[in-house]
Structures are given as C-alpha cells and as structure tokens.
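Handing you a structure now.
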Amino acid sequence: MKKLINDPAAVLADALRGIEAAHPELRVDHQHRVIYRAEPKQDGKVAIISGGGSGHEPLHGGFVGPGMLDAACAGEVFTSPTPDQVVEATTAVDRGAGVLHIVKNYTGDVMNFEMAGELAAADSGVRVETVVTADDVAVQDSTYTAGRRGVGLTVLLEKIVGAAAEEGQDLDAVVALAQRVNDSGRSMGIALTSCTVPAAGRPTFDLPDDQMEVGVGIHGEPGRRRVPLAPASEIAEMLVEPVLADHDLTGGPAIVMLNGMGGTPLIELYVLYGEVARLLDAAGVPVARRLVGNYITSLDMAGASLTVLGADDDLLRLWDAPVDTSGLRWGV
Amino acid sequence: MKKLINDPAAVLADALRGIEAAHPELRVDHQHRVIYRAEPKQDGKVAIISGGGSGHEPLHGGFVGPGMLDAACAGEVFTSPTPDQVVEATTAVDRGAGVLHIVKNYTGDVMNFEMAGELAAADSGVRVETVVTADDVAVQDSTYTAGRRGVGLTVLLEKIVGAAAEEGQDLDAVVALAQRVNDSGRSMGIALTSCTVPAAGRPTFDLPDDQMEVGVGIHGEPGRRRVPLAPASEIAEMLVEPVLADHDLTGGPAIVMLNGMGGTPLIELYVLYGEVARLLDAAGVPVARRLVGNYITSLDMAGASLTVLGADDDLLRLWDAPVDTSGLRWGV
Amino acid sequence: MADTLTLEGAIAWLGAFRDAVHEHGDHLTELDSAIGDADHGSNLVRGTDAVMAALDPPPDTVAALGKKTGMTLVTSVGGASGPLYGTFFLRAGAAAGDVTELDAAALGTVLRAGVDGIRSRGKAELGDKTMYDALGPAVDTYDAAVAAGDDIATAARAAAAAAAEGRDATEPMEARKGRASYLGERSVGHVDPGSASATMLLEALARTLAP
Amino acid sequence: MADTLTLEGAIAWLGAFRDAVHEHGDHLTELDSAIGDADHGSNLVRGTDAVMAALDPPPDTVAALGKKTGMTLVTSVGGASGPLYGTFFLRAGAAAGDVTELDAAALGTVLRAGVDGIRSRGKAELGDKTMYDALGPAVDTYDAAVAAGDDIATAARAAAAAAAEGRDATEPMEARKGRASYLGERSVGHVDPGSASATMLLEALARTLAP
C-alpha cells in the first residue's frame, strides 16, 4: 500500500488535524470528530448536518460553510459515524429552527443516524428531520433489500438545501425541498481500479488491466458487473444510458456532475465529460449547470460517476445562491 | 494503461472539447489549442498568458478567468505548446498594454515561448515580456545547466500577477511583481508512483511498492533520489527541509500550497498537510494563506509537492483579490 | 461443572470474543472485501478493544455489563455492525436485570432478547445473508438444548455449532440486506462477514463455559 | 553514382527519416522515459508526419524545402526537439539558397548551418548529453571526408557513423541540458534520446545517398 499517511489506524485523526490547519474558517472537534463552521449561522435558521464514512473527501467536511452544511460528522474510513457524534453535532448546530440530517442510504449510516435522531430528540428536544439519498441506478430498488445507494446526488442536495436553509426557509420547507431533489436526481458510477482501504492494506478487489467495473458505489465495493476496458465514448454511454432510462430528464433544465473517484486526473474527467455532454445533448437533456471534478470520492479509486438532477427555476436559483466552502465556492 | 480516454493521440483535442462543454465562461480555440476567457478584459489592461504541456490540469486552462490568466496555450501531454499557438494567443489577448508570458523553466517551454516572443513582436508589434518560473529546489541551480524546473510557484504567480493586471498595473510593474514572486518562492516534490503518458502506454518509470522518489518534477520524470517509502511525518520533512534550507521564509507571512500530483486523494493530502503545518510552525514560518488540493498535477502520478512563498502585505492583498476561475475562485 | 454464567464469566466471554476478533480480523476484512467495503475486521477490533477498556472497573451486574458493552460498541464501531452488536448487548443487558449470574434458562432469555434486538434494528429475515442467519438458528438451538435438559455449557456448544452452520449457509445466498445486497447475484458464493463474526461470538461463549 | 543531393533526394531523405522515426518511435520514447518525460518518439512521429503532409505539393527549391520543413516542425512538435530540429531545417534551408540540388561541399555548408542553429538555439556544448553530441561530430566528420576527397555518399556514411558514435558516447555522460539534467548523476548510464533521433536523421541521409 502506497499512501501519504502515518499509522493506518490514525488516518482519520491525522486528516482532521490537516483539515483544521488548512481551513481557519472551520472548527474541528477532534474528540467527537465533527467539522463545524467557525462562524455558526444566525439563530432561527434551520441547521443542516451530514456525515458518513471518511474517504470521500471533499464530501462531507469540504461542504461545511455558509450556504451549505453547518456540520459534518466524520466516521472511520468507509464506516458511518456513531450516534454520539451525530447527537453532539445536532445539539451544537441547532439554532432553534430544527436540524436536517442528510444521510446516504447505507444500512450502517441509516441505523446510526436513526439512533442519533432518537437520542437527540430524547436528550435535547431538538427537532430532527432526516432525508436519505438513494440515487444510484446501478442498484435496482426493492422493498425487500437495502435499496439504492446514496451517492453523487448527495453533493447537489447538500448545496441546494443548504441555500434554502441559509435564506431562512423553515424545516418543513427544507425537508420537502430535499425530498424533491431526491426524487429528481440519479447517478451511475464505474471504476477502472479498486481503492485500498488503509486498515486493509491491499486493494479491496483485483481488477485485471483489461477489465473495468460497472455500477460501483463509493466504498470500493465491486460493481454490478465486470466488462472489458472501454474507450471514454463507450464509458460515457454506460453512465448516461442507465441514468436516463431510470428517470425522464428531458423536461426541465438539468444540473450535471461528472465526479472523479479520487485517483483519476482532471484531464481524463474532461475527456469523459466531452463524451457525456454529447450524449446528454443528443438525448435532449438541457444541461443548465455542470460540475466536473472530485466531489465524492472513493479513496484512491480510479473511475468516475455521473449525476444528473432534473431541476427547475427554483432549484437553479438555489444552486446559484452563494456558497463558501472548500469544496464548492461561488457568488461570495 | 487504464485511462478514461479514447485514442491516446487525441487526448488533448478530446479534453479541450470537454473543457469547452464544462465551462461556458471559457472560449476554446480548438485549431490553435488556446483557452480564452469568454469575456475579454477591458482595453488598456495588461494581459497574462501562460501555457505548457498538458497533463497538469487544472494548470493552466483552469486558471483562465477574471483575476488570473487571459489565455492558456495547451501543448501535447508534457510537451510545450508551439510558437504559433503562443503568437495567436498573444495577439488575441493584447489590450494595448502589452502581454506577459508566464513560462515554466523547461528547455522546450523556454525555446518555444522565446520563438513566439520574437515572432509576435515582429508580426504584430505587441509588447511581450516573459517571466520564467524556476522554483524547484530539488535541482541545484547552475549556469552550466538548464537550471531549476518551474513547478508549483507558477500557480501562485499566475494568481498574484493576474490580480495586479486586473487592477490596472502596467506591464513594467507586473513584470517586476512577477520577478519578486519568483525570487521569494520555493517548491519540492515527491512521488509514490510514476504516471503513465497516454502515448507511451506504460508507466514512465517502475517504482517498487516499498520505494518512493524524492525531488520529482511534474512530467513523470524520476526524482533526484529513490528512498524507502516513509510515513507522512517523514515525507513532510523531505518537503519542508529543503525548501526552508534554500530560502529564508521565517520573515514575512507565507503563502503555502500543498499540491497533489493527480492520483493522490484529498484525505492523504490533509494527513500530509497536518505534518507540514506542524513543521512550518516549528520552523517559525508564519503561514498566512494555504491551498491544499490538486493544482499542478502530473497526470495520474501519486505524490505531492510543497510550495512556500514568502509574502508581504502587498502580495497578500493581491492574493486575496477576487479570482473567478475553475481552479481558484474566491471573492466574487 | 459450571451451570451458570457468572458476571466474571460474561466478562471473560467478551475478552474471548475480543481475542477471536483480533486473531481473525484480517479474515473478517477479507470476507468484507469480497462483498462489502473491507472494514468489518477493523471495525470489530476497534469496538472490542473499546469494550474491554470500558469494562475496567468491571460493572457489578449483568444488566450494567450489557449496557456498558452495548453503548461502547454503538459509540466506537459505527457502520452496520456497531448499532447491530450494540443493540444486541443493550437488549441482552436489559433482559438480564440486576443479577450477577445467569443460569441456563436465563442465558437463553438474554440471548433471545439480544438477537431480537438485532432483528428489529436491521429488519433482516432468515436468508437475507446477514449475521442473523447465524444468530437466529443459534438461539433456537440453544433453547431446544436447554429444554431437552442439556446443561448450559452443552447448550452453548450446540448454539455455536448452529451458528457455524448458519454462517456456512450464507455462502450460496444472494444478499438482500447490507452492502452485499448492492452486488446482487455477485454476492453469491461468499460467506457473509457478519455471520462469521457472530459465530465467533457464540464460539467464545462456548469456550468460556466449557468445563 | 550520385554526387549531389537533389531536391527529390532531400525529400526522400525526410521520408526516410519519417520512416525511421515511426519504426523506432517506441525506442525513442523508452530512452526518454529513462531520463526525460517519455514523449520524444511521439513528438517526432507527429512532427515528421506533419512534414511529409506539408511537402505535397513539393517546394521547388532546397531553400523553400528547408523553410517549409523547419516551420512545420516548429509548429507541430513543441517541446525541446521541435524548436531544435525546426531551427536545424530553417537554417539549413537559408544556407542552401534557391537551388535544386547540393553537391558534396554545398551539403556540408548546409548541414553545418543547421547544426550551428541547434547550437545557438539550445546553447549546448559537447558533453552536455544532447543531440548536439551526435550532430557536432557528424558535421565535422562530413567536412573532413569531403576535404579528403570522398564523394557525397561516402561522406554521408561517415557522418552517420560519427553520429552513432556520438550517440553511444552520451550514455556515460551526466546531462547538463534538457530535462535529463534534472536527474543529475542519475542521468548517467542512459543514451540521450535526441542523440538517437539525430543519428537516425543522418543514417536516413546516408541511406538516401547510398549508390
């Protein structure tokens, strides 16, 4: 394993120290492993919390700041945070208007946030609502299973509901908005290589040089199927087709994110985005906003994921609203 | 070779199409392979051009925009642009106040920009000045050699002189400022893996799993020496010590960039930055501003480089000035 | 031959579980690499270390032991296994009450309460390819053994054997819960990591109670 | 036996160079991988293809041929080798003048002008481990051969041999110019890629002139 780390068991603690040193605009609670804005938002505004396993940076800590999250709870690498972390953050950020928990749909994340919600309500009486993102079309949905994974749409959702909270919308409105975003966005991912979990010390799966994984999540798990390595033009089809097949996105303006998995350089993402843009255009999806870069990663995995959100004027307005985080910044 | 590309010979052309699709705020001249601001700056202001081989994204195209560059000339992967590209860009961006060429010190880049300067002056009478960055302390300077490489400091220099040009400083002032930045910044880089040049198809060098390269540039070339893989705390010393040994940075406020080489995920950069910040603090370097992320990469190489610029109030003011590019954005 | 699980015995059980998780942590992570995210071993190593640290000074009732163990797992593990094993011990402790030892029948009630907790927390059914596929058969077997007059050690041994069978039975299953479910039929042919750690938990109990 | 290099011959020479660069492009890139940035082969493949495309219709003087070839290399290759080889042909063409063939002496003048151009552009000295270490000895040897009365083909063959010697001599050198200089003593033990391509250029000339 080749990584810029010290003790593999200390990666999270060490990374939090670096985040604190790199971002004076953030406050890091090392004991509870929570990243806060140094300047809390005003009283009376809804607070937004997210969190999950580490290894997806900039998600979630990189999205804490004005216009987006109030706090991010950092779990161990690929392991959801614990309820006590979430309770601590929830009570700390509440400004009297309640707290929204943004949770990616994974059994562990859901159960830990669930326990946290119960505890927080009991201990402190803070009103907590939860939205669970589940946008990964690689996984077929079903009531008998854990359902779809929450992946790239989480980034877009955190930006949009963060803007709504910042402009003073109340908790019910923010929850309804979150649900609307959730219903209107889909994602699909592929991997060219596995990632290596520091504590494991070797790649999670072996992938021959001429093969790739289609339908991967963000935890280095294998995808739905393995296919021969393909050129970017075909990989773009593997991403665009299932997304459009699952949800009609030809109607309104679309917000598109082509996300890198962590080990893929920007020049490759641009090559792939050129192909994706061509396909979306051919399919009649009117792309209004775009992000190309590393936003929700899977450690050092080489690969990419596509997220398309069917928006409207209201969502575009909230998307364009000022945001000032290390991961997304504009209008400030 | 596992990359999100089509024909390896078409990587640059394909990437430029993606950049155009991803950034409506940019204009791409595909024939000359030049990236421009969609909105040229006002008449009477100095224009700033940079360029170099591709594979270092976001450098340089990602730094085109208000407050930074007016145009970036994209060469083939790791191959400097040709004089005709630079001439085209130079005449296109000139607003009557002259054009500064920011060139990284490599034989090829220097010779091609040199020829371009001669041609541009001859053809169009545009006044062209050139600054050559040479901040890499891994290479010992000497008049008998090609001298030091231009690496990370190029990013900081483009930001600072871009701000000066935007606020209306004339060409002489901008050139003097560029020289001042050049004299006050130093960089050092390490690599955990080689990168793979698309046209070559295999890693530029083989590096055993227990070894790393110290003193690498940004073109996948091997470093000055090969040492056993070390923990982040020791790697931080390999970066900080030679930089501080080469130039006294304890005086003024410092602008620090910890840069990822392209294949290293953000969580590792934060772990390393925690160690770097500790060492800089111990050495009495007052860090005033910081960047942690991928800014000047080497395709898919895993590794990092440190750049420290000794600043002053004037440089900090120009650093903090609004910049609106895909690679750096604040204050807008 | 002991016919109760004493408070000390219960603490020794947790120590034996910790040792097993340390010894086989890489194996658990390997199983999780195949159909999950390669962290089950490190999650339980972290969790059981935290538990043993939290048990000194030792609690003075089985109820307190369960609560301490459960809360420590919940707050130190995260992921799916943290709330699940945490709930197991929280419910088990609550069912035990303020006693300092459990006879064969009482242990059965306690184990059943813990497993029901995992079920209600995870909503897993038999055949979903989870730890419940080891734990469900284990408690059923334990109760049957006690009903048939076996002593506590024999019943625990039978429960551990049933857990191991349940663990092995997860291999051909297609996962319907947890991360493995994302692999669909690609999850077939791999043992579920949680069913393997759950088997270690019951084997540790059997070893602790062995005469 | 030809004792001049005709315009057609010069174009054939460039074609032979293009073929050699295509055949050995991977080798050139491999050499560049060891002490550079792994692109010398692809740079020259791109450049020589552009040149051959630009030569149809063919220029009608050696001067025009040199200018066209040089400008095409300068505008299509980039890197260090683009301006260097480009300057070689620009200067060579200028030295040739509006003629349609070169005798042995005239070819010597032309080659010398081209190599001087590379020298003034790159400021390399003998022993710096660059293409000049192949080209310098090659033109000296050519001139000596012609002075000794050798015909143009024999002189070209001698020049190619001298270039090859100069190329091999770069292996033990520590680079002082170009990317390889960044490696310091680690550049020792590798042949300089540009000296290898420069040798191909002279070998292509010798083959073209061979009776």
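A few notes on this one:
Think of it as A, B, C and D in the order they're written, each chain with its own count starting at 1.
As a working rule, a residue touches a chain if its C-beta (ideal position, glycine included) is under 8 Å from a C-beta of that chain, and two chains touch if they have at least 3 such contacts.
Everything numeric in this text was worked out from a predicted model, so none of it was measured.
Traced through touching neighbours, the fewest hops from chain B to chain C number 2.
Greatest centre-to-centre distance from chain C is found for D, with centres as Cα means.
Note on chain placement: the centre of chain A and the centre of chain C lie 32 Å apart, centres being C-alpha means.
Centre-to-centre, using mean CA coordinates, chain A is 55 Å away from chain D. Computed centre separation for the pair chain A/chain B is 29 angstrom, with centres defined by C-alpha atoms. In chain A, the residues that reach two or more other chains under the touch definition are 77. If you sketch which chains touch which, the chains link end to end in a single open path, with no loop closing it.
Chain pairs that touch one another, listed by label: A-B, A-C, B-D.
Of all residues in chain B, only 1-7, 11, 14-22, 54-55, 57-58, 62, 77, 192-193, 209, 212, 229, 231-233, 235, 258, 262-275, 277-278, 290, 292, 294, 297, 299-300, 302, 304, 329-332 touch chain A in the complex they form. Residue ranges on chain B touching chain D, taken from their complex, read 9, 53, 75-84, 106-108, 111-112, 114-115, 136, 138-140, 144-146, 149, 197, 199-200, 204-205, 217, 219-222, 224-225.
For chain C in complex with chain A, the residues that touch the partner chain are 29, 33-39, 41-43, 46, 74-84, 121-122, 176-179, 181-184, 186.
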